[in-house]
Amino acid sequence: MLKTVVSEIAKRIVVIVFVITGTFLLVRAAPGDPASFIAGEAASGDPEYIDYLRQQMGLDRSLPVQLGYYFRNLASLDFGQSYREGRPVFDMIAERLPNTLILAGAAFILALVMGTTAGFVAAVHRGRWIDRCISIGSVLFFSSPYYWVALLAILLFSGKLGWLPSHGTQTIGAGYTGIAAILDYLHHLVMPAMASALFTMAIYARLVRASMIDTANALFVKAAHARGMAPSRLWFRHVLRTSLLPITTMAGVQAGQLVAGTILTETVFAWPGIGRLMYDALGSRDYNVVIGVFIVTSVIVILANLLVDILYRFVDPRTRAA
Amino acid sequence: MLIWKSLFSKPDAVLALAILCAIVLAGLLAPVAYPDGPWRMVARPLLAPFADMRHPLGTDALGRDLLASLMFGARTSLAIGLVSTCVATVFGASIGAVAGFFGGRVDSALMRSTEMFQTVPSFALAILLIAIYTPSTFSIMIAISVVSWPPVARLARAEFLSMRRREFVQAALLSGQSNLRVAWSQIFPNILSPLTVMAALMVSMAILFESALSFVGLGDPKVVSWGYLISAGRGVMSQSWWLTFLPGFAIMLTIVSISILGDAIGDSQDPHFERRESK
Amino acid sequence: MAGPVLEVRDLFVSLRREVPIVDNVTFSVEAGKTVCLVGESGSGKSMIANAVVGLLPGTRLAITGGDIRFRGTSLPELGPKAMRDLRGRRISMIFQDPTSALNPVRRIRTQFDEVFSAHGVEPETGREARMRQLLELAHLPNPRRILDAYPFELSGGQRQRVMISMAMALNPDLLIADEPTTALDVTTQAQVLQLIEELKENFGTAVLFITHDFGVVAEIADDVVVLRHGRIVEQGPLEGVLKNPRNDYTRTLIAAVPHWHPRSGALDSDPLISARSLRKVFKGRFVALDDVSIDLLPGETLGIVGESGSGKSTFAKCLIGLEEPDDGELVVDGTDIMQLALPQRRRRRHLMQMVFQDPTAALNPRHTIGRTLMDVVRVNGCPRAAANDKVLSLLDDVKLDRKFADRFPHELSGGQRQRVCIARALAANPRVLIADEALSALDVSVQKQMLKLFEDLKKKRDLTIVFITHDLRVAAEICDSIVVMRGGKTLARGTPKDVLETDRHRYVEELLAAIPGQDWFSTGSAPSQLPTLEIAGQDNTHACQDSRLPPG
């Protein structure tokens, strides 16, 4: 067991090295001079900055040496400077990361709970009207760009109804403290989290439904039925439990996409996380920031997947024994 | 053909097909209907829909015809969706087929690299790729292909692997048919239906991707796209909500139709194994 | 309590309320008796079982006529709650495939315990003790370990015993057994049959036993109901049906039990293919072949017999190249092909062709029969112009109508599909035909015809046949020589007469003793060398006279 955990961790380290090397090569292969590319909008006006970049990237050395520099910098959490803000990229990311993690985490829990429930209900009542409603709902959510749904939600819930705040993490000028500040934060979190969760929720609902219907047809369910189990026991103890296992890995992959997807929701709701940071940096072509956010996001996703895989191995007796 | 027959027996599939045809037609006819392109200012800004029947869906903040923009947007979305799906499917399916057919070391090497691509968050990777190679229709297609081939590869590999163990494939190999021939004539037709369903899903994802990229400002600045229209309408959303609503609705309609069609095609291609009473 | 436990009267089960799958079936099962429903696939025998427990699959099947009475209560009229109380408590069921009949991700203890909690029953001795006691009754050593295990940690036979223990947990009045031994090896089958018999004696349970094998019927039945296409063709006490079958179909089924005619007289010539000290290890652990040496003489039929895990299929795969042995020589026509490069090896092996177990899986569902054969005919060097005639003549060879060339596999029956598979093997002009359990997926009445086809083809085409089977009697009847395998080793070899009669290995003895229905279908085993019918009859009456515990 320990051996598999270690080998899983080793695998993820390889992937992280791959991502960083890939990013490095992409930037080096960019059209034109990498330094002026990274400098972005500063390229024309600030030769001093470009020189600084050249030095930092070691552009006068060979490619492997440059890669070595790159890894050394990243290992010491040096993601370079943001030209626009004149601050280290890592600091900018670090101060916004908690917001993103809270948003993604909330969205993930929402998606998981609502998606699984919807899929479960649909599977139990398959072929009936409630199944159809859930199926139609999940197709619609799956098919709609969620930043668009977010915009419509703002229009409705903050514009028309005035129930929910449309942007930011706190009511400006309200000066809440303590519990009130937390409640205010949560109030702001509702719409972004819902909007981020919709797409993933639709996918979970479909997966859970399909997997449960598959399991429900298995012989062991019929055998349990023939032993006189009540339907509720059949569905919960036999079907749901067994079919959630294969979904776990899919859930991990989707969770990763969800983190990346917060770029859109953070943009719409002006949520001060790393997604919004990336959006702003794209607008001003502040590429050190863009690359930094990309690497951090990738690492988070890879770690989330690692967690899910290890969890899976603990939960499924068949892999646990192997 | 059997597929058509089974499609036409399902009302939702027929409706989806009709909607999709209309959208394709709109995209094809855009240059004919609006020879001047979508960028020209043609009327007063923020004209409401149905106020002036020469501009049935009204105009945007710069007085450009929304219907024209939507029709040109359809061109962009469909073209990018189709091309990147083709590229990703061909590439992914070949990788998966080789891995699944030969197995062993070839398989584990190919699948390790596929897994790496799959663990990287695709939207972030696409943004990075396009940011580095300047936004253009071409770079968007490439970026979407790069992030969407791994699932195809995994699917094709899994199918090839299970087919490879099937007895009819083994029998064909034993009878003296070459690997390539067996892969093409015995295995490939049998994995076509899962691949089709997958491809339909990928077209949807590609359209969503493209619109999201345009929304964050990474669209091709030379062409109109639905995602760009949504982000352009955002500023005036409170008074002219339809400028945001309609492009998004067009995306939704397209993808719902593709999903329904994909499922219907997948269902109709299932091989009819005779299922006898289980003893 | 007087009267039968289960009474099925004029039962009809129909698909979409139109097509009857079960057509006017009447029979009854009394306490302490075993009634066998016998039939081939499509006979509706499983449907009857499903109808009794109220678990007809899907929504389109329904009971459309007749009545099922359990201890006088009409089951179709019971509500779902009342039916649920009966299931598992008074009517139990066991299934063919014990692997998929247990939840793969829950421990045996949890699943077993559920039987008690679902019915709110607290055994006097406590659940744990009761579960262990039941497992012990099923001859499972170390019940505690079994309870702690997950299903995948048990063998097939162990799983089926667990299923049976669970079924008997609440002393049911009726046990329905749906082909419970079909997926098991013959020695395990014998033990499970004996277990069911024992439990029936101890608990006084009525048993409804579903099977296709008249050997099994002869072993355990008191009464027999023979079904075909959903109708009863014959029913009555075991002895009557076996001694004087009135119906032709019953006679076919009885005749389908392999006879006991071990052949003698060996061929003598240089081997065509000679495997020497083959070794194959899977995943570095499981030794599938351990120093196996087998010679194949030209023109002979070689039977390779063994239970699952014996390595018989692995050996065939190593011969033909679906697996490569880790070690050893494989001499084909005087050359050790293991020394050759892969493409040459493949070419040398081309003189062998294989017929697989499951003809459905062995045919591409998207190709017509004609196309399947044509592909093989063409790659084996037949010119385009002559190919079509060649395909048709292949169909003639396997006695299939030429019109089948335009059909798809799903339009054919199992036996017809297997004929196509044989034709495909012949299309490559083999000298050796390897049949890997080629009969076991087929209905018993079709198996006979298929054996005859092999025999004819062998004569006509001068074939050498390697016949891989789990059934000693089949091998004894048609093979010139036999190899018995167990655990990757060869245990015995020689002519059927030598292996099975003159010079019996202890394991062969075990295998023979395990064959069901010996009292009726001789295997040359010690007790039944005498004419057996009368003795068997007495045996059965003796069994019936046993005093019984009151039910429940």
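Which chain is which? They are A, B and C, in the order written, and residues in each are numbered from 1.
Please note the rule applied: a residue touches a chain if its C-beta (ideal position, glycine included) is under 8 Å from a C-beta of that chain, and two chains touch if they have at least 3 such contacts.
All values reported here derive from a predicted model rather than from experimental measurement.
Trainee: Busiest chain-chain interface by contact pairs, anyone?
Mentor: After tallying contacts for each pair, the winner is A-B.
Trainee: Taking each chain's centre as the mean of its C-alpha atoms, give the chain farthest from subunit C.
Mentor: When every chain centre is compared against subunit C, the largest gap points to A.
Trainee: Where the CA atoms of subunit A average out and where those of subunit B average out, how many Å apart are those spots?
Mentor: 22
Trainee: Could you tell me the distance, in whole angstrom, between the mean C-alpha positions of subunit A and subunit C?
Mentor: Result: the chain centres lie 51 Å from each other.
Trainee: Go ahead and note the Å separation of the Cα centroids belonging to subunit B and subunit C.
Mentor: The answer is 48 Å.
Trainee: Please output the residue numbers of subunit B that touch at least 2 other chains, ranges allowed.
Mentor: none
Trainee: Among the residues of subunit A, which ones contact at least 2 other chains?
Mentor: Where subunit A is concerned, no single residue meets two or more other chains.
Trainee: Which residues of subunit C touch subunit B once you look at their complex with the stated criterion?
Mentor: Answer in residue numbers: 21, 41-47, 96, 179, 182, 212, 320-322, 350, 352-354, 356-358, 360-367, 375-376, 379-380, 410-411, 414, 421, 424-425, 427-428.
Trainee: For a test of understanding, state which residues of subunit A touch subunit C in their complex under the given definition.
Mentor: 218-220, 222-230, 233, 237-238, 241-242, 245, 316-318, 321
Trainee: How about subunit B: which of its residues touch subunit C in the complex?
Mentor: Its residues touching subunit C are 166-168, 170-172, 174-178, 181, 185-186, 189-190, 271-274, 276-279.
Trainee: Which residues of subunit A touch subunit B once you look at their complex with the stated criterion?
Mentor: 14-15, 18-19, 23, 26-27, 30-31, 37, 139-140, 142-145, 147-149, 151-152, 154-155, 159, 253, 256-257, 259-261, 263-264, 267, 278-279, 282-283, 285, 287, 290-291, 293-294, 297-298, 301-302, 305
Trainee: Going by the contact rule at the top, pick out the subunit B residues touching subunit A in the complex.
Mentor: Its residues touching subunit A are 115-116, 118-125, 127-129, 131-134, 204, 208, 211-212, 215-218, 227, 230, 234, 237-238, 241, 244-245, 247-248, 251-252, 255-256, 259-260.
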